[in-house]
Structure formats: structure tokens, C-alpha cells
Amino acid sequence: MQFKQDGNTFIIYVEQNEPIMETLTQFCKSQNIDNGQISGIGAVREIDFGAYDLENKKYVRQLFDNLWELTSFQGNIILKNGEPSIHAHITISDHNLDVKGGHLFEAKVGAVGEFILKKIETNGKREFDPRIGLFCMEFNN
Amino acid sequence: MQFKQDGNTFIIYVEQNEPIMETLTQFCKSQNIDNGQISGIGAVREIDFGAYDLENKKYVRQLFDNLWELTSFQGNIILKNGEPSIHAHITISDHNLDVKGGHLFEAKVGAVGEFILKKIETNGKREFDPRIGLFCMEFNN
Amino acid sequence: MQFKQDGNTFIIYVEQNEPIMETLTQFCKSQNIDNGQISGIGAVREIDFGAYDLENKKYVRQLFDNLWELTSFQGNIILKNGEPSIHAHITISDHNLDVKGGHLFEAKVGAVGEFILKKIETNGKREFDPRIGLFCMEFNN
């Protein structure tokens, strides 16, 4: 992992074979980033992602081993149990340029991982919301 | 709807059953945001979206009732007829992680709606462009 | 091409028939933007895009002539051989709202091209990485 910094904006290069979510989360902790925004592109493999089944309050998941283009990575950083936590959704494309997408659990960089992170100087947190079954943003209390 | 503010950057939580475009547009009016950028992720339903048919100068539209992941929401805020107006495109994914996408008219939050809005301190506006058939950015006059 | 500026943030309107990558790259040069972030939406045609074949170290490419919604454009600006260079990935949707995606070589604006560019005041550069076969971010040397 390498990065460049301009104030609260970071260009982050996650390198081949590095796990994206783990690497970016560790970066937030090391830089004291509690809230923020991340977006990115690249090429990834070992992609563990899914969609939320609200009725059964659990994720349906798929794992793709092969190399896919990371056509879009969009996410936010919010405190969960006192630690910065990244929530990110992706779209990916294969060699036919067909696209899949969902909630990202983890993926490894297959070729390059190019991210831009903006630290937001707020203290927003997530709390478990039993109606949704997820840790949801809770900014009022 | 709940939000956190850091200068011109807002983290906005649009809550279950709230209409995204209406809620975000109202937020822009209440905060005097004339120009800006919005991105977001979440899970949505009652999705009214489409693609522009330039030849016939009208949108083809589809309505999806079920819950879909909001894999990407990207948009801008520009003045139209003196009011802030959001132009946003989305991609969404289903439980097979298959993806659809297009121009967003409106969608309701199905589980969570997590947005980051950056106010841009300019006064860009849209004017109707008869060649395109749409209100297009017009920054020169 | 028209734009509005708020400090290091630019709203850029790439107009019908203008080539997106060439127009935005020329804009970076004219504004002395060495590093930055770009995102955007619109409607495009003559879309030259692809996916990276790591094994053979070359892109597989497709060319779509027709008008597609530009559902997501995400990219960064990094120096390559001393000049600002844009790396961007897109997703696009057709009139069935089906989505394709990949690495963008070039596309023309079919109806409108609406971009937001943020200049980042760093000097990050790309160097050729023979293991990957691409010019990759190289921030350490």
C-alpha cells in the first residue's frame, strides 16, 4: 500500500494481492479517520460480495475467484463500536464487459487498486437497528 | 432523514421508506445548496428509472417494485428554474448480483440510504436545449 | 466544453460530440492539474472500452456505436511521463436498462456529459510495472 496526502484527501494505491477492505480499514485506523468517503477503481479477484435479504435479515453471498475489472467502488467510513468501519458497494465487469454488483465483504487486488479517500471531520456512528437487521447510521443520539 | 456536517460536506442518512430524490432535493433547498455533488449507496425499492431516447426526445422508463442493492448513485446539483435540481444515475443489483442501471426519477429507501453531498459554491444553471430536448448545463450566459 | 470553478473543484459540461477523455485531459493540462479525481454521468456513444487480460498483459476491447446512458464514470488523474493522465472506469446502460462496464479508452458525448473534477495538490506519478504490464501508481520513489 502506498499513498499521497493533500490535507484531508488521500490517493491510496492498494497493491496486487492486498485485501482491499482490510487494507483500507487499517489505513483509517492508522490515520485517525473516523468518518469519510471512499471511491475507487481497479482490477480485483477473490471477490466476496452479496445482496441484503431484508425478509430474512441476512446477506446472500457469492464468491468470484477470477480477475474482474472493478468498475466502481463507492463507500463511506462511519464509526461502529468505536472503530472506523467501511461500508462499500461495487460493480465489476468481466472480459465480455458484463457487469455484476453488490455489497462488498472483501476482495483482493488482482492487478491494481486505486482509491481516493476523503476524511470527513464528523463523529457519525452506526448502531444496530433491529427493524433493519443491520448496523445503521444513527446521528441523532 | 439525519445528517452530519463538516463545512461543505454532508453525510446524509435517508431512512427506510423515504423517497430519495424528494428528500435530497428538499435538503438542498433547506441548506441553500445551489450546486453540488452527491454520491451514495444503499438498498432501494419502487425504483422509477430509465434511459434517454434522443431520437424521440423522451425517456424510456421501467419501474421495479422489489428490493435492490443501490450499488452506485452518482449525481450533481444544478439550478433549474431558480431551484436546486438533482440529476442522478444509478446502478442496482438483485439477489443474483445482476445489475441494471439508468437515469433515476425516484426510488424509496428499502433498507438504508447512505449519501455524501458536497456543496459547490458556484451558481451553475440548466437551460432547456431544444437540440437535446433536455435542460442542459449552461454556464456561459 | 464549459465549466464552473469553486477553488479546487470544477463542474465540467462536456458537450454533444466532444470526446470525453481527450477533452478532460486537455482541461487538466490547461489548468495545471497533475493529480485529481473525476466522476460523472451522461449519455455517450462511440464507446471504446475494455477489460485487462493480466495473463496476456493486454486489454480485450469492444466498441459500441449506439447511445448508452453513462451510469457511472469514476477516475483519477495521475502524472504519466510528466503529463496528467486520466484512468477511468465506466458503467453504461442501454434502453432495456441492461448494464455493461469496463476500462474507458474513449467515448463521445451523445447527449450530455456532466463531470465533477477535484484537483488534488500532490505529485503522484505512474511508472511502468513489468509484473502488471501497466503504468501503475508509484508513490515511494
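In this document, chain identifiers A, B and C correspond to the written order of the chains, with residue numbering beginning at 1 in each.
We take it that a residue touches a chain if its C-beta (ideal position, glycine included) is under 8 Å from a C-beta of that chain, and two chains touch if they have at least 3 such contacts.
All of these numbers come straight from a predicted model, not from anything done at the bench.
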Category of the chain touch graph - line, ring, star, complete, other: complete
Superposition of chain A upon chain C: rotation angle, C-alpha, nearest 5 degrees: 120
Whole-Å separation of chain centres (CA-atom averages), chain B against chain C: 21
Of all residues in chain A, the ones touching two or more other chains: 39, 72, 74, 91, 99
Chain A to chain C touching residues, read off their complex: 2-6, 9, 11, 13, 16, 39-41, 43, 67-74, 91-95, 97-99, 110-112, 114, 116
Residue ranges of chain C in contact with chain A within the complex: 35, 37, 39, 49-54, 60, 62, 72, 74-76, 78, 87-91, 99-103, 118, 120-124, 131-132, 134, 136-140
